[in-house]
Structures are given as C-alpha cells and as structure tokens.
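Mind having a look at this structure? Questions to follow.
Each chain gets a letter, A, B, C and D, in the order it is written, and its residues are counted from 1.
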Amino acid sequence: MQAAFVPQDPDYDSRVRASFAAQAMMTTLHAEIADLAPGRVDIDFPHQDGFTQQHGFTHAGVIATVMDSACGYAAFSLMPDDAAVLTVEYKINLIRPAQSHRYRASGHVVKSGRTLTICQGSTYPIDEPDEPIAIMTGTLMAIRDARIQH
Amino acid sequence: MQAAFVPQDPDYDSRVRASFAAQAMMTTLHAEIADLAPGRVDIDFPHQDGFTQQHGFTHAGVIATVMDSACGYAAFSLMPDDAAVLTVEYKINLIRPAQSHRYRASGHVVKSGRTLTICQGSTYPIDEPDEPIAIMTGTLMAIRDARIQH
Amino acid sequence: MQAAFVPQDPDYDSRVRASFAAQAMMTTLHAEIADLAPGRVDIDFPHQDGFTQQHGFTHAGVIATVMDSACGYAAFSLMPDDAAVLTVEYKINLIRPAQSHRYRASGHVVKSGRTLTICQGSTYPIDEPDEPIAIMTGTLMAIRDARIQH
Amino acid sequence: MQAAFVPQDPDYDSRVRASFAAQAMMTTLHAEIADLAPGRVDIDFPHQDGFTQQHGFTHAGVIATVMDSACGYAAFSLMPDDAAVLTVEYKINLIRPAQSHRYRASGHVVKSGRTLTICQGSTYPIDEPDEPIAIMTGTLMAIRDARIQH
C-alpha cells in the first residue's frame, strides 16, 4: 500500500537527526534512530525501571512517546527544509503486554500532503518483530510560520 | 452529561492511590493526585527540562502519559476490588502549545461497563483551566484474571 | 470548558443551512438541523428500517454520519465565508445500544484554529439526553483553495 | 506484520455471510462481500447519488460504514460460533477525496483476543488500489451473553 517517497529536502537525513537530537525527551528515554529513509523512521529504546506502570511493565506512555516521534519524523523527512512539524492528534491501541528489555518503534507515512501528513506506526520487542505491542495512526502538520501555532 | 457514580469498592480511594504509587513512571514525572472522586481523577505534574520536545516545550508524550493515567484511574475507581485496569486504546488531540510550568490532567468516566469503561480527559495549564492544551478519549478494560492479558 | 465563540461570518446560519441542504446524504437519512449557534450544531434523525445492523438496531454508520455532520457544521459555523470544510479524521466510541426511534447528534467546537478545528460530539435518544449512545472527537480543516484538496 | 489466522469456527464463511445479509444497511448501500478469508474481509460498494456530501462526492459516512463492516466481519470470522460482534470504537482518517464510481473496503485483524479484536482497514477506488481514500483502526468485542450489552 505504501509508495516510495521522494523527499523535497535532499538534506532530510541531517535535518531529522538534528531535530531528534534536540528532543531532551529522546535522550531521557535513551531512544536512538535505528533506521531513517524518506517517509520511514525506526527508533529503538530500552526498558527502564523508572518508566514502568503499576505491574512493572514498560509504561504505555513511553511507547506512545517514541512511536509518536517515529511517526513525526517520518512525516518531517518529507517536509520542505523551512517547515516545523507538529502532532495534531494520534490514536494508539495497546495490543500486547510490554514486557521486553528493548523495543523498536517504526513509523511510516501513509499520505503526504502540503499541510497534513498521515502516518501509521507500530512498536514491537526488538527480537519479536511479528508481535507488535502497540499500533498508532497519527496526523502531523507542517508549520511554516515563524511563530509555531496550530 | 455526566451522572454521579457509585463505587463498587468502598475503599476505592486507597486502592487507586496504592496503584498510582506503584507506577514508577508517575514518580519520575513528579505527578501527584490532586483530586479523586468516584469516576474522576485529577493529576498535577510539572514541566521538566529533561522531558521536552525539539522546541523546548513540554513533550506531548508526558501529557499523554499523565492524562492516560487520569483516565485509567478514573475508570479504576469504579471497578471491583479484585480487578486490574488496562488501557485498550486512546486518542489524543494536541490543541495548544504546552508552554506552562505546571499542568493538571483531568480524567472522568463517560460510561462504566462490566468489562469496558470509556473515559474522557483534558490537560490544561494549572493557572489556565479554560485553555486546555490536549483532550483525550480512551477505552479501559477491567481484568479479573490472575494473569493479566488483553 | 467551552467558551462562547464569535463567528467570523455574520451570515453563518444561512451558510451552514445551505451546505447542509446540499448534502443528499442528510436528506436520505431524514436528518434535520434542530439547533444552530456559533460553534454548536444539533441534528435530529429517525431510526429507519433500511439503515439497521444485523440485530435490527440503528446502524452505527448512520450515527457516525450524522454526528460527523454535527461536528463539521459546528466547525463550519466559525469559518470565514470563503472556506469549505473537510473532515480530516474522527474517532467514535459506541457506548450503548442504538434502540431508539429518534436521535439527536450534538457537535461543538473545542478549539477553533485558522486551519484546523477540533470538535467533540455525542448522540443520544431524543428522549434520553443523559444516556448517550456514542461520542466523537474529530478534526476538521478549513479549505480556501478553489480546488478542494487535503 | 500479519500472521495467518486459524478460525475457531470451521463454518466461519457462512456465519459471516449470514450476518452480513441480515444488515439492511449493507443492502441499502448495495455493498457486497468481494473476498472473505479468516481474519480478512473485502467489501465492494458503489457511489450512489443519494449518499453524497455537499460537493457531490461519496459521503464519508458511507465509507466509514462499509469499512467498519469490513473490520467487524474480519474480527467476526475468527470468533467462536456462539459469539456476536460489536464495534467498541474506531478511528478513521479521510486522506483523499472520494470521487470514484465504485470502492473496495478492506479490513483485516491485527490482534485477535478472547474478548477484544483489533482491526485495521482501508478503502480505495476499485481501480486504484494504491490510492486509499480512507484508513481505519477499530476495536471489536465478542459478546457471548444472550442479551447483547457492552
């Protein structure tokens, strides 16, 4: 269902990595870009004991945060070089317990528009790629105004 | 639209607080229960520099995490004393920039069922309750099995 | 949580009604605007035997269709007079069986932006306003281009 | 990402078709099952002039209705023979204008659980399978009680 995307900005790779590096949250979560292509981003992150829910599993909030970043940077990779990206909304389904030591969140663009980009993502244990623990659909917005606003 | 709810468990308050205290994630985010009633939970949390997105605002992942907890504990407050609560899914809209120093995430039950509970929530700057930065709708599930599963 | 909205277009009422009248789908569903104010629209519609699911209840698709219209026209009422409105996405929770003879779908604006408007809605049996059968959150987009595109 | 599913009910095909035939809404929309396999259902439907939005395109409500059915029957195909299926919630993104004369809505199971099943779907013009006009994620519930309830 997914076509190949041609980035508008030939330097999309360094632009995405610079923005990712500027997110303190990604550093706090020890999240790392594992793969990056036009319209697709994979981010790896570990279980951390300080980021658990009441049964000791990885907190869904961590999974949502990184998967939202994977979707956001997948969208951002196709935007022009003067655009900022904002998440308008996302919906997440938590479909299996998050009991692994390390995960991969993968986001890809479904539809790239001038203003809005639609992405889907999934997160799975790094060694069980066929057993996703969560899936996401999100809407991202390209912002060209100097002052960021919705 | 919201009726008064009668809790099945008279000790709902201490049960909710014990579960909240067991979430390491809430401690990491310095999140605190500000108000708790049957079917309604408010949680306060501060901006932290280690939890920001690329423009220095509070990361949407933090907001989603705490608002999901507010919704989850609103649902949990109405469940019987032998039930665990799991988030099945949620959808969040990010509607204003998160530029405050402190926020309140408020979750309330819309419909309480035997298996599923539907909640809605909003998050706003602590001193601007009429200017929500995000809204959420979520589905929570009561689990009675010893072994937690979806 | 909801502020009073001031319409940009003083003729918002007739503009909304003209667009509603142009939707053949609303005529087919015998849907009627019951109330209309800036940022808020109520639409009434009956059960019809040709629009049922497998147990003979009103089909969720009918409920979603009318509630999406209520949200869309609530958004449209606040847009400038040269704008068209498109639904970007919505999420619906079906929370009670749809067993009534007549329903009201109510949509209101949560946040009105230049490009995007966020709405929430609910649908309930006309004689049971406190027992909603479904709730919705949606994102609507103002389109000013001559040629409609996302 | 999608594994092969083994149906619990060997007569899943006739059970799905019987339930589909009982939905008056599908008849009204001239919707037909085009393909049916364990965990996957395709439904075709035409544009009809009585089911349009204000610009004359196929109404999003029709697309959502049929795609919800495709997801619902994909889930139902994997349920035991004494179960009924209910849609708990879905989220739809409308990503391209619906300007075709005929569409295919395709739904497949992402995760099949004892109580809940998670599905994803897409709808595309029958002659443009790589250009989806809408995508959906939904949660379906198996109901075994004699009296249907959420």
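Heads up, the rule we're going with is that a residue touches a chain if its C-beta (ideal position, glycine included) is under 8 Å from a C-beta of that chain, and two chains touch if they have at least 3 such contacts.
Note that the structure is predicted; figures quoted are calculated from it, not measured.
Undergrad: Measuring centre to centre with C-alpha atoms, which chain is farthest from chain B?
TA: D
Undergrad: If I rank A-D and C-D by number of C-beta contact pairs, which comes first?
TA: Between C-D and A-D, contacts are more numerous in C-D.
Undergrad: Report the inter-centroid distance (CA atoms only) between chain A and chain C in whole Å.
TA: Centres of chain A and chain C (C-alpha means) sit 31 Å apart.
Undergrad: Hey, how far is the Cα centre of chain A from the one of chain D, in Å?
TA: 28
Undergrad: Find the geometric centre of each of chain C and chain D from their Cα atoms only, then give the gap between the two centres in Å, rounded to an integer.
TA: 23
Undergrad: Residues of chain C touching 2+ other chains?
TA: Residue numbers touching two or more other chains: 88-89, 91, 93, 95-96, 111, 139, 149-150.
Undergrad: Note which residues of chain C are touching chain B in the complex, please.
TA: Touching chain B: residues 1, 3, 91, 93, 95-96, 110-111, 118, 120, 122, 129-130, 132, 135, 137, 139 of chain C.
Undergrad: Name, in rising order, each residue of chain B that touches chain D in their complex.
TA: My answer: residues 88-89, 91, 111, 113-116, 139, 141, 149-150.
Undergrad: Mind listing the chain C positions that touch chain D in their complex?
TA: Per the touch definition, chain C meets chain D at residues 19-20, 22-25, 27-28, 49-55, 59-62, 64-66, 68-69, 84, 86-97, 148-150.
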